[in-house]
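Labels A, B, C, D, E, F and G are assigned to the chains in the order they are written; within every chain, residues are numbered from 1.
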Amino acid sequence: MATVRRLVIDVLKPHEPPLIDFTERIAAQHSVAGVTASLVERDKEVQNVKLTLEGDGVDYTSVQEAVEELGASVHSIDEVSCGERVVEERATFQDR
Amino acid sequence: MATVRRLVIDVLKPHEPPLIDFTERIAAQHSVAGVTASLVERDKEVQNVKLTLEGDGVDYTSVQEAVEELGASVHSIDEVSCGERVVEERATFQDR
Amino acid sequence: MATVRRLVIDVLKPHEPPLIDFTERIAAQHSVAGVTASLVERDKEVQNVKLTLEGDGVDYTSVQEAVEELGASVHSIDEVSCGERVVEERATFQDR
Amino acid sequence: MATVRRLVIDVLKPHEPPLIDFTERIAAQHSVAGVTASLVERDKEVQNVKLTLEGDGVDYTSVQEAVEELGASVHSIDEVSCGERVVEERATFQDR
Amino acid sequence: MATVRRLVIDVLKPHEPPLIDFTERIAAQHSVAGVTASLVERDKEVQNVKLTLEGDGVDYTSVQEAVEELGASVHSIDEVSCGERVVEERATFQDR
Amino acid sequence: MATVRRLVIDVLKPHEPPLIDFTERIAAQHSVAGVTASLVERDKEVQNVKLTLEGDGVDYTSVQEAVEELGASVHSIDEVSCGERVVEERATFQDR
Amino acid sequence: MATVRRLVIDVLKPHEPPLIDFTERIAAQHSVAGVTASLVERDKEVQNVKLTLEGDGVDYTSVQEAVEELGASVHSIDEVSCGERVVEERATFQDR
């Protein structure tokens, strides 16, 4: 199987643990070299967070487990980059 | 024939296999150096995914076969770069 | 735990101390390599300020304490980057 | 005569041959170092494709012949770069 | 205290001295490595000018004094960067 | 006199000679290192073309003569860069 | 006094001398390393031109004299950069 190098996932989490602790825990996964967590929206109950993860072989199963152990859930997988290198998506006329 | 160096294709896939497994399988094709799969839209039945593939001689026939073996189909071919190097498309007055 | 490398937080502060003194004090935290404070809005009572902080292991607890000692409060944590390196968030179709 | 280094042309082609084969054939022209073919629009009969070609002395006559041998036609020539180097067009107040 | 490396301030000045003389005088402050003065608006009485200042330890007190000696006043402090390096502010979902 | 390093001119030309031949002829001028011709608009009679020319001492008189020998005319001179180096125009508040 | 490194000025000029001659004459000033003249608007009588000038110590007085000797006038000074280096103005929330 090819190496997963970048993942963008959309997550719903409760307010606790706070975003910093939550992100530290995801980044602590062995297969993850770095994570950026971006707060998209929040209401009284939940925070909607976009996670961008990179690594040389990101293990999605363990990422998903870590998300769920923190009381959160993966709402959708929005972008996946696999292979020897990251290929950047770019705009085409068909997107416009 | 000239070498295919980058391909952008629009794919319709069922929800299973999930996007990560799907992308890993496409990236595992011998002629593909890297793939990014971007979720464009989804409804109850299908996901509409934009695939950007690069390699030094991407074999579209085997890519298309891999897509179909995964229960998906290529809806359109949106951009193709061939030759000794990738030439970047850029905006002209006739696009505007 | 993974290293916090960048934080973006939204802060409400009174007019005193002025933004320069306030920013110098936050930047004086041992774990902070640099801070940019951007004035977002102000009214008679308060200034709404966006803080972007970087460091090799930003200690949020001490940042938050410094903010509060200056009479201000953290309104929200908007972005957190953790791990061996900073991963840049980038636009996907799901943001658009 | 000066060397043609980049050409942007607008082409109408039938659905057959598919865009990948079409692009490979254009890129196989001796004077062409690389081509990107971008699908602009399509209907039941034809595809409207923007071709960006580069080379150290692109021979337009042979490119046009190759396009026509594939059952397609050049609808317009949208940009031409000639000389010792490619000069990039840039926005001026008179475009705005 | 941490080093101030960049300041963006909003200034109201009379028409005299002209913007060039005004900017030269601000830039002549010992703690200022460079200044850009951008005319934002002007009416019969005053010019509204955005000053972007950089230096390795900008002394705001002397900058403010220089502004006032020239008959102008600081209307607001819009951005402050402090620390070992300049951290660039970047867009988040919460700005949008 | 200072050296002309970049020129942007707006040209009206008949359909013949075609844009490729036209651009090759302009680029063949001794003082011109490179030209990009961009089709802005066309109607039954004429093509409106934006020419961006660079060189170490572009001789406008000979460029204008070449344009006119090709049955075209210079409609306006939109940008001129002169001196030891090209200075890039950039946006200010007064443009907005 | 600090060194003027970049100036953006707004000029009104008659149609004669043409923009190329005009720009060559401004660029011929000893203190000017390069100039870009951008045509903003024109009517029957005058051309409104934006001049971007750079140099290691631009002498505005001689630039203004050169402008006036050519029958033109400086309408406004829109941006001035002074000091040891050019500091780039950048967007803040207060501009938006």
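Throughout what follows, contacts are C-beta pairs under 8 Å (C-beta built on N, C-alpha and C of every residue); 3 or more make two chains touch, one makes a residue touch a chain.
It should be emphasised that the depicted structure is a prediction, and the values quoted were computed from it without experimental measurement.
With contact taken as defined at the outset, chain D and chain F are each touched by B, G. Bringing chain D onto chain E by least-squares fit of CA atoms involves turning it by 155°, to the nearest 5. Measuring from the averaged C-alpha position of chain C to that of chain G gives a distance of 40 Å. In this assembly, the C-alpha centroid of chain A lies 49 Å from the C-alpha centroid of chain G. Averaging C-alpha coordinates per chain places the centre of chain A 22 Å away from that of chain C.
Of all residues in chain C, those that touch two or more other chains are 6, 38-39, 50, 76, 78-79, 92-95. Taken pairwise by the contact criterion, the protein chains fit none of the simple patterns, being neither a path, a ring, a star nor fully connected.
Contacts from chain G toward chain F in the complex involve residues 6, 8, 10, 18-20, 23-28, 32-39, 42, 50, 52-54, 76, 78-79, 95. In the complex of the two chains, the chain D residues touching chain A come out as 38-41, 50. On the side of chain E, the complex with chain A involves touching residues 92-94.
The touching residues of chain A, counted against chain B in their complex, run 1-7, 60, 76-90, 92-95.
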